[in-house]
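The same subunit A turns up in both complexes below, where it pairs with subunit B and then with subunit C.
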Partner chain A sequence: MSFAISLASIFSAFIISGIIFVFSNVDPILAYYNLFKSFTNTALLSEAVVRSIPIMLVALGLALAYKANFISVGGEGQIYVGGIVITFLVLWNAENRLLPGQLFMPFAIIIVFLFSSVWGIIPAFLKAKFETNEVLTTLMMNYIAQIISNYLVIGPWKDPKGYGFPHSPAFPEYARFPLIPGTTINLSIFIGILASIVIYIILARTKFGFEVKVVGDSYSAAKYAGISYTKVVCLVMAISAGLSGLAGMSLLSGVIGRLRPDFSPGYGYTGIIVAWLCNLNPFIIVVGSIFFGGLLVGGEVLQSSMGLSVGITDVFQALLLITTLSGEFFKRYRLVWRR
Partner chain B sequence: MDPLTILTTMFILMVQEGSILLIATLGEIFTERSGILNLGVEGLMCFGALSSFVVYYLTGNWITATLAAALAGLALSLIHAFVSITLKANQTVSGLAITILGLGLSSFIGRPLALSRVRIEPLESVRIPVLSDLPVIGPSFFNQNPLVYLSYIMVIILWFILYKTGFGLNLRSVGENPSMADSLGINVFLTRYIATSVGGALCGVSGALLILGYYPSWYDGITAGRGWIAVALVIFSSWNPLYAFFGAYFFGLVGTLNATFQSIGFRVIPTDFFRTLPYLLTIVVLVIFSSTRFRKRKMPASLGKPYTREL
Partner chain C sequence: MNENVLEMVDIVKIFPGVVANDRVNFSLKAGEIHALLGENGAGKTTLMNILYGIYKMDSGVIKVDGRAVSIRSPRDAIKLGIGMVHQNFKLVPAHTVVENIILGSENNGFILDLKKSSEKIKNLASSFGLKVDPFSEVWKLSMGERQRVEILKLLYRNVRIMIFDEPTAVLTPQEKKELFSSLKEMSSKGKSIIFITHKLDEVLEISDRVTVLRRGKNVATKITKETNKFELANLMIGRPIIFEYSKNPPKLSGLALKVENVRVLDEEGNLRLKDVSFSLSGGEIVGVAGIAGNGQRELAEAITGLRHVSSGKVFVRGKDLTNASPRRFFENGVLFIPEERLGVGTAPNLSVAENLVLKSYDNSPFSNSVFLKFDAIQKFAEMLVKDFEILCPSVKVPVKFLSGGNLQKVVLARELGNLVSRDVNVIVAMYPTRGLDVGATEYVRRLLLKMRDQGNAIIFFSEDLEEILSISDRIFVMFDGRIVGEMDSSKADVEKIGLMMAGSIAS
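For the complex of A and B:
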């Protein structure tokens, strides 16, 4: 029954977007064909997997936070923090040459994770101590991180040999994730897969995972059980933000190869939708991220082949979230037909 | 430049920026007072801005354009109302979905406008006789476009509705204790639907003011987080329309510091720092006003909680 409701939810989202297509004078069948073209074509599918890596990392972290009922929307800002930290490390090592090439990436992964964690602990701490609304604080911090990142790339970190273009110097080879041979997919996908296993183990097998769920279910029950709310949400957000920071690193070191202004096209927000749609399940999130990666590629196909704005993928994502949310109602309450 | 001119310029910008925030904050206060948390403000504002831009471009009539914005905000907030009131879903998630939907729809529909760089003439200011001759306050508060004046009037109207009418009393009691209100014969669901759609319409209108007043052309992300700041301003103003007036202009002032310091050639701190100020300040304000002492007495007790009628 619940599977049927999920299917019906997805189907409704298709119908509603179909109506939007019809109203904008677009053949809905052709539009959907383009939107899902990634799944019929190897090159596009590889591109979809590339897009899925940052989404996956963000969504996995958010799933952990949402399990603790901490509604973070800070993934986007944490991606920028991760981007700032990895660029700093690249510039720092280029100047000081302290780290040999082989050691750079393992070191960078740890440092990016740690600094992004600190950024993520701030809203968790504020919520624990002052009861600030975490949706608002994490969102405000997104704007701040993006402004700082853009300031750095246009100002002090601008490539002196870049002919005035607003980007940092290119990352050296040792600061790039190698590609899986024959594809455009970089090795940071294994960070994502590893993260999904770790999050699963944390939630299903550890005492901390149990505490996360207790805190998520009831604040007062957690308090009664002697679980420290501050400790749980801070730790949850440290992991969540650390993973989102790695998403930023994966974008720069894996795909773009340098810091650019506005380098994330909203992966932090797509991650929110993926986390909820995948029911906060770490393994389903891996698959769901690839699906959404494909959707983003499809959106670009739509834009280039049919002149539609990529905004339509946001519309489709939001509709999916709304219909799924509505479907929950029918799962919770059994409808009884009476004569 | 002499200090008086600088101050006057600052105040003019403050009122422009603040009035946008004010209308959205008032809308969200009205919604939240009924117990419904609508985090879709940013999306409603953006979709309202786009709708009014399109209608103004086609008709040249700002009243029609503002009504279109109100309708756009109302339509989207009705989705939120249905999902969170009738289907009793998580209001935070639904609100986020509405934001993404509103921003996505605006970007989708607005793309041809953004590409063709269509321009509109900003609304003309209307001088209020006598009052506009006051120093500093005159040119800033009383020489603005009609939608800014609407924002002042809405403060009074919403305050009056909430505190001086029977409907307002019902609305507030639905937000405090819905089952009690229900037992007194108040229609909880209808009241919440009305509060959510009126609030949504106002958020749409704030988008109309944003674009008709100050931005001659459409681009993606035009709202730049103002909707979220409005949600924070609701807490800042303790869910009271009168306090929202001061809160919105305070934030308006902070939002104009960047432009002000640029115009007087202040170069000591990078101007990007001033761009982060409204967001930083929002966090600071949240910290101060969220602590139990300030908030618990004022926040509608049933905010964000779906109401299920006991059988």
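For the complex of A and C:
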């Protein structure tokens, strides 16, 4: 029943977007064919997987936070924090040359994770101590991180040899994730897969995961059971933000190759949709992220082949979220027609 | 007097997996007080929710004045003259009495004439003995007064069939007396009253007739004068029950809990506990009487580590635990049975097994330094489920699907099933039998007495004076953040306790 409702939700999203296609004077069937083309074509599929990596990392982190009923929307800002940290490390190592090339990436992954964690602990601590609303604080912090990142890229970190373009110097080869041979997919995909396994184990098997579930289910029960809310949400957000920070790193070191203004096209927000659509299940999130990666690629195909705005994929994503959340209602209640 | 104003014939209501009402018949005469008696889960409230239009029945007929009617919502019910006073009052605290009463009434114009309405309310109030100030804000009223507002709401809408769902649960003995006299007044003026309860004494005191439900079925309808407590109890639970608890004299061991001049502030900074001091020995059981909201919750939380104590001291077996964490209190043998079973005592979506280790999951044998050990947890849970006779399909179902009694057993099993300190434990129980049926209530009381006999120190809070009198060794009465009375239960006087609860006298 619950599976049928999920299918019906997705189907409704298709119908509603179909109507929008019709109003944009586009044949909906053809539009959907183009939208999902990436799943029939190896090159496009590879691109879809590339797009899925940051979404996956963000969504996995958010799923953990949501299990603790900490409604973070801070993935986007944490991506920028990750981007700032990796760029700093690249520039620092270019100047000081302390780290040999082969050690740079493992070191960078740890440092990016840690600094992003600190960023994520701030709203968790504020909530635990002062009962601030985490939706507001994490959202505000997104703007802060993005603006700092943009400032750095047009100010102190601007590439002196960049002909005035607002971007940092290119990352050296040792600061890039290698590609899987024959594809455009970089190795940070394995960070995502590893993270999904780790998050699954945390939630299903560990004492910490048990505490997360108790806190998420009932704040009062957790307090009564002597579980520290502060400890749990700070730790949860440290992991969540750390993973989102790695998403930022994977974008720069895996795809773009340098820091650019506004380098994330909203992956932090897409991650929210994916986490909920996949029912906060770490394994389904991996698949769901690839599906959403495909949608993003498909949106670009639509734009180039049919002249539609790329925004159409945003509309489709949003509809999918709305129909899924509405579907939750039908999972919980049965409709009865009274005569 | 012999005409039926209401007939419910062969009412069937099926919830997934349970037949809540199985061809139930119920009739009500004009001017009658008819008690609907049954344990929790017997189907009393379901039946009345059908009558009031909250649930839709699966089959059956409802006749009002001999005419079959269809009731699809409370609005339909009120149109037919049927009204209900719920257990939890449905009032807007910031509004005045008159505003609450006219809220949703259909004969309001575009501009409210509060004056005219208040006149009508005053008339109704005086003719039925329901004293309340129409322009007082509801949050300032006592529970008894709020209940009167609910009754006036029905009278204002010309309701003639009134349903009361366990109306005495929140009242002091004096308020209960006043309610009963109002009920009699209303019935003498032709109102018909359905009185839902599981308390036998109330049935005998107030009703003309009584219908007993057991497991969704009619067991009997009796004329109250022609029956007695034991017959009713027998009908209600299907076996005779014992009303007296045979108690051994207390064998006091050393001091278990000592509370000195404790003051507690609430979230808004109001003083909720005002210099409370008492001590509790191993082997004794103390019952705390009082109307909810007089500091009981704050006291219980202060002696279990859940609430910050702003001044004063809490000692457990001589050890100063003032403002220690709940975990430390637990580790020192302070066991807490909280008021809310679901949401505080248990995490609703977690399984029975997970809830049974809610406080001990990070000790061996349930976990090592990182991972939980599910086999050990499951084995432990199955053992407790058996020992405490918890009815559940498996230890893996979420606790929110358990009935109130079984939920309470989960909490009791966790707190008492695996006594932390082999020495003397302090057991703090908030309303341990509230909302439980007779069988489960008996079970809980016996368990508390058994714990006492084993040398534990017990303090429990209750709104049921009979319960306090029957199982405690000493009685405290709380009013306005203080312990205003303390007495031996053998020398207790109900009338005096009632007055203390209302703040009229101190001992």
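Keep in mind that, in the parts below, the second predicted complex is superposed on the first by the 334 of 339 C-alpha atoms of A that agree within 3 Å, B and C clash if a C-alpha of one lies under 4 Å from a C-alpha of the other, contacts with A are read in each partner's own complex, and residues count from 1 in each chain.
As a working rule, a contact is a pair of C-beta atoms (placed from the backbone, for glycine too) under 8 Å apart; a residue touches a chain by one contact, two chains touch by 3 or more.
Since we're looking at a predicted model, the values are computed, not measured.
Contacts of A:I144 after superposition on the shared chain: subunit B is touched, whereas subunit C is not.
Of the two partner chains, subunit B is the only one touched by A:S326; subunit C is not. After superposition on the shared chain, subunit A has more residues touched by B, the comparison being subunit B against subunit C. Once chain A of one complex is fitted onto chain A of the other, the partner contacts of A:S220 are limited to subunit C, with no touch recorded for subunit B. By the document's definition of touching, of the two partners only subunit B reaches A:T132; subunit C does not. Look at A:T206: by the touch rule set out above, it reaches subunit C but stays clear of subunit B. In the superposition on chain A, A:M237 makes contact with neither subunit B nor subunit C.
Subunit C meets subunit A in the complex at residues 56, 72, 305-306, 325-328, 330, 336, 338, 340, 343-350, 354, 358-359, 361-362, 367, 370-372.
Subunit A meets subunit B in the complex at residues 20, 24, 71, 73, 126, 130-133, 135-137, 139-141, 143-144, 147-148, 150-151, 155, 269, 272-273, 276, 308-319, 321-322, 325-326, 328-329, 332.
Residues of subunit A touching subunit C in their complex: 205-208, 210, 213-214, 217-218, 220-226, 336, 338. Those residues of subunit B whose C-beta lies close enough to touch subunit A in the complex are 39, 79, 82-83, 87-90, 92-94, 96-98, 100-101, 103-111, 220, 224-225, 228, 231-232, 235, 270, 272, 275-276, 279-280, 282-283, 286-287, 290-292, 295.
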